[in-house]
Amino acid sequence: MFDIVYLLEMIGIIAFAISGMIVARAKNMDPVGVFTIGFITAMGGGTLRDLILDNHPVYWIQHQEMPLLILLLSVVFSYWNRVDRIRAARIVIPDAIGLGVFSILGAQLALDLGHSLFIAALLGVMTGTFGGALRDTMCNEVPQIFRKDQIYASISFVGCWLYFLCVWLLDSQAISLTIGLVFIAVVRILAVRFDIRLQRDASPH
Amino acid sequence: MFDIVYLLEMIGIIAFAISGMIVARAKNMDPVGVFTIGFITAMGGGTLRDLILDNHPVYWIQHQEMPLLILLLSVVFSYWNRVDRIRAARIVIPDAIGLGVFSILGAQLALDLGHSLFIAALLGVMTGTFGGALRDTMCNEVPQIFRKDQIYASISFVGCWLYFLCVWLLDSQAISLTIGLVFIAVVRILAVRFDIRLQRDASPH
Amino acid sequence: MFDIVYLLEMIGIIAFAISGMIVARAKNMDPVGVFTIGFITAMGGGTLRDLILDNHPVYWIQHQEMPLLILLLSVVFSYWNRVDRIRAARIVIPDAIGLGVFSILGAQLALDLGHSLFIAALLGVMTGTFGGALRDTMCNEVPQIFRKDQIYASISFVGCWLYFLCVWLLDSQAISLTIGLVFIAVVRILAVRFDIRLQRDASPH
């Protein structure tokens, strides 16, 4: 069980770190800014989760290869010119993967610690969305999660419940993990592609 | 003793959640934004208090009916049109009640854990003001606490000391709690009504 | 050993609190704003460090003379008119001293708790830079750490490794502490004086 969770966590970290670094480069930040935004995007949600659940040591302290990997990625993103050609809109795909991975893993950790399904779903949403919200705040964008924009946090919430249902029905955590996170990532990408929103402004703009 | 603290905590949560949701609606946010701002306004101060005091599990994890109640409130506030007619200025009253309840309860918890009166008063102010400061920051307002505006945090600080004095004189925690929080809520409402400030700009504006 | 660490911590707190209060006065805040910005600048980094490392009680709860000192300083800064003549640019020196002290002490605490050199250097940088980043965010400035500005966080990172090297070579923690923090403070002041940056914009501005 450890292996698949660890592998997914690394995928989520890389995906979120890349999404942060693309934004940081688009905002013309220096290497320290690129590393910091990448680190906070990738680690912010999981750190908040570990602090609230009193789950110590915090996961990136236990696995120091994770911050080290982000440090290496930030050197590549800072000095490799081709990165500049990536348009900021491209963050949708790594961001959707990160959202899926961290939502499901955050919810699972809360369950492992004995919390209820509702609390686990809340912590899943926090783990999945907080890193991206910090990234947007620090890059001076209003966090997407607060705008009447394509659905984001609500997908994470529904995905967590889908995961709980699969665990209950299928008796296989590995398959359920995969279903939950693929659901979240795919629905998020579709929501951006087809502009699915919870509410729309009545007035044209 | 548990019952009155629990009841006050629910009143404070509902008051702060409503203050957050009024602002979120005034900013035209979607249902996820309304829930998130309501949740953070109501839970931000207490979560910071619990993390700093190492008081686990964090109170809303122990009482999952609290986030559930905020979820239900946010559905009402998102889809009930009459809410739109509430002017943002109306947040003064629920915000003052939340400030009073959370300041006194935050200070009391710190005392229960064996800290000094000064540390307890500081944590009371943090518990009372942090949720509202987060609400304002995330809704792109400069937190009121940082402007030369009507007194806010200083009322919370004085109210905590009044509460300590009452506990020492009256030997009844329930009466002292009531005196402390009514003092804070009423003085705050009067401060807004009669424009009481600590300092004024010398220049006219 | 306790005495020199405690003395350095007090110096760092006073230096960072003053840097925060100068900015708060320049932004025309009232006494509560001056105290809050001073407190958050001085305590933000160490509080984040203690929460992430699960090091309880948080240091300023253990040493209540620290918040008390900031309270007294904020009264002086709020009502002593001569403070207004301090230009905001003057925060460079107290800020550099705070950066040096907190970076080295944060790294040392992480080592004391058994973490690796890399994790200790990361926590040193967080302890040293987070308070100042919060100060800038709350005063509505983009944190300097995210701009292509004079080097800041990278000095803290290099200074932590220099400190580890000195501990290993010199076998005296007191001398190593002094070398590490003087290095950070002096290089930071020189970086501002001679405009040393990691990257520059290609375009003129």
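All chains are identified by letter, namely A, B and C, in their written order; residue positions are counted from 1 within each chain.
Here, a contact is a pair of C-beta atoms (placed from the backbone, for glycine too) under 8 Å apart; a residue touches a chain by one contact, two chains touch by 3 or more.
Since the structure is predicted, the reported quantities are computational estimates derived from the model, not experimental observations.
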{"item": "Interface composition of copies subunit A and subunit C: same or different, split at half", "value": "different"}
{"item": "Degree value of the rotation bringing subunit B onto subunit C, based on Cα positions, nearest 5", "value": "120"}
{"item": "Centre-of-Cα separation between subunit C and subunit A, whole angstrom", "value": "30"}
{"item": "Subunit A residues counted as touching two or more neighbouring chains", "value": "51, 54"}
{"item": "Residues of subunit B defined as touching subunit C within the complex", "value": "51-54, 115-116, 118-119, 122, 137, 142-143, 145-149, 151-154, 197-199, 201"}
{"item": "Subunit B partner contacts - residues on subunit C that touch it in the complex", "value": "24, 27-33, 36-37, 47, 51, 54, 56-58, 61, 64, 67-68, 78, 138-140"}
